[in-house]
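Common to both upcoming complexes is chain A, partnered first by chain B, then by chain C.
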Partner chain A sequence: MMRSISVTRAALLLAVLLGLPGATALARGINQTPDAFIQETFPRPPKPKVIWLTGDLKKEIEKILQHPYAKLRVKYWKKGDKSAWVLDEIGKEKPITVGVIINDGKIASLRVLAFRESRGWEVEQPFFTRQFTQAGLRKDNRLDRNIDGITGATLSVRALKKLARMALLLDQNIRK
Partner chain B sequence: MLKGQTVSGLSYDLALTSGLKVDPGSIKIRGGRQKVAKADASNPALTGRIRYSGISGLELAATAQYQDDITQQSGDGVESATLVETHAVWNRGPLGVKALFAQWNIDGAVAAAAKKDVQSGYYLEASYKLTPKLGLFARHNTWSNQDGIDKIQQNAGINFWPHENVVIKADIQQQNDDAGNADGFNLGIGYQF
Partner chain C sequence: MKHVIKWHRYFGLVIAFFVVLLATTGILLNHTEELELSQQKISNPLLLTLYGIPAPEVIAVFTTPNHRLVRGKQAAILDNHQITAPSPVNGLVEANGILVLASGESVILLTPDGELIDSITTSAPVERIGLAGNRVIVDSGDTKYVLNEEMTQLQPSQNLPEAAPDWSTPAALTKAQRDQATNLLPRNSIPLERVILDLHSGRLFGYAGVIVFDLIAIAMVVLALTGLWMWLWRNRRRNARRNPS
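Showing the complex of A and B:
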């Protein structure tokens, strides 16, 4: 008797809590499509180009990512000193899609276009992504500034830092 | 499990779980953990957490758990239990600071007679990354599982990350008499996948 009362009480409590208006839940998934991102970056989008990942460039990218990179080429958009990149990297289990705009060798903006992980959602927020603004690449292919992490989102933070470095490296190579 | 978050960096989690099944003789909370596949869920536990992570490098959180009978046996003098916990984490550049406090309050005459009706503890930790691959830390822990017995442990150590998913750890440890006086050192290796 005692046990059945306990279960009932707990179930009722949970039901009440489930009925809470709750915080505004952010929809996990697509924040912006790559097409919309490019359209926003370039009101008159240039035709996309590709950079082939061969030789030392491929090795440098894999050194940044700390794992093999399967793609043979990466698509980008460029007009003047501005280039735009849409790149993916797995945080813990699922790919995070990031759009990076680089202007004259510095990150003009970085945006999470799609976040599919169950944890680490904070990396989508402007308070985190704006740390990348004006970041450049040092000679050792590390960012020229510290990016403060987020407790509980270590792997997502790491993925974004890698993609920022990768985009800057690719931009360097298309401007050679 | 229910969770959600706001754009301001506030999030919540709610969970209904099978709960602890503490031995009413020893009232050792850690010993009350069950294997999930065989867990007795006659008196489930309800856990809620509120967490703020709206500033890079900062986390503030508070957790509460309630179970209406922590032994899942009625009439044994060890009844409902509430856990409250709060912690703060602050990372800025290479520097990190953590603080955590937790306390159990256990109802029942037997728990009170054993002086185990209030069990609490805290730790303070500071860390510093000398390089991306090398870090130092120091931690002070104080906890009590029985009124009048205050355990203290201090650790200071070094972490080395040969790969981003691998850590090699070494630290020295000092304990007071109540904690077992197990002074010495620890060596460990961790791999996340």
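Showing the complex of A and C:
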């Protein structure tokens, strides 16, 4: 018989599998594939690198997300001071895939690549994502500016804010 | 009147069992939260059959020198860890201490404990996955890929190693091995609250059960009325004997 079955692990894996980045065809809810996002960010994309979520970094990310990140490592693309990240976080029930470009420690742009929830789609709109431009990370790992919420999209807004903080923290770590 | 009393007794005997059953289940349902009935799960195969819930079924088993993956209809078990995957598993290989699983249109990297490291998507569903030396080869129908050494990218077939890949295939299982693998899969279950509720309404036995419980409810009403009628009749007769005039 099984010694242990990790339901959380299963749920996280399921969430990641549901939100697999890089699908070639633009399925329902997918605005841009991660490949297209990287291609647009870097006309000649650098080779992807990975950062492992271990030790203090893992703990800090867990604190930001309020749960462990689904994967043990995160892929990123970096050229000069610019880095690009494709991250997933569950809004209410399904993963939201977000592409974040960071330039010199500040968010250059944040884009919702895939939104699979039935509500809260407003977070995809530029009027909302523009608020993240030039946002940085304070010492307490919070954004250095206020992001106005959207009525009826509280969980999606929260997910995007968490991913923005996570991307900035990861960027800080690769620049150390 | 004698016939009524006789039938009232016989009916009463039969109905008594259901009165106890309905009262007991009713009391339990009134205290669902305190008794945490919704959290308690029942996985009795016979009961699950009544609900039309199938028993766990092994679809395939993949093995590497150190690990075994049992793919069921609803769950996948890596050694002893559940790693529920929504799409079919097409193969499992082990390279540099990392398990690489082919599932639908993705290649999933796992730690030996089943923790998700990363996932890499392919342009088409992965048909097979194999090892050529220590390099992971992914066959996506028309295109074959090699997983780069950092395990971050799938590179197209021009970089294929010369050695013929050793493709991962489902293990052939004897009946005993299949039974053993089935035992690893999580059993389906149903909350105790649901069972008690359906027992209370008769729905546990399908629509016929509901009709039978309806008839029993009608019989209870009839028994209550006949009981009341008999009591009044006896009272009237007793009064008539006491006051003959």
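In this text, the second predicted complex is superposed on the first by the 147 of 176 C-alpha atoms of A that agree within 3 Å, B and C clash if a C-alpha of one lies under 4 Å from a C-alpha of the other, contacts with A are read in each partner's own complex, and residues count from 1 in each chain.
By our rule, a contact is a pair of C-beta atoms (placed from the backbone, for glycine too) under 8 Å apart; a residue touches a chain by one contact, two chains touch by 3 or more.
All of these numbers come straight from a predicted model, not from anything done at the bench.
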item	value
First (chain B), second (chain C), both or neither touched by A:66	first
First (chain B), second (chain C), both or neither touched by A:122	first
Contacts of A:152 with chain B and chain C, given as first, second, both or neither	first
Contacts of A:49 with chain B and chain C, given as first, second, both or neither	second
Contacts of A:75 with chain B and chain C, given as first, second, both or neither	second
Chain B versus chain C as contact partner of A:131, first or second or both or neither	first
On chain A, the residue positions that both chain B and chain C contact, one per complex	2-3, 6-7, 9-11, 13-14, 17-18, 22-24
For the chain C and chain A complex, residues of the former touching the latter	75, 77, 80-87, 103-106, 108, 111, 114-121, 123, 150, 152-153, 183-184, 186
Chain A - residues contacting chain C, complex	1-7, 9-14, 16-18, 20-24, 47-50, 70-73, 75
Partner chain B, residues of chain A touching it in the complex	2-3, 6-7, 9-11, 13-14, 17-18, 22-26, 66, 121-122, 125, 127-128, 131, 146-153, 158
Of all residues in chain B, those that touch chain A in their complex	2, 4-7, 9-12, 14, 16, 41-44, 46, 48, 53-57, 59, 68-69, 72, 74, 89, 91-94, 163-164
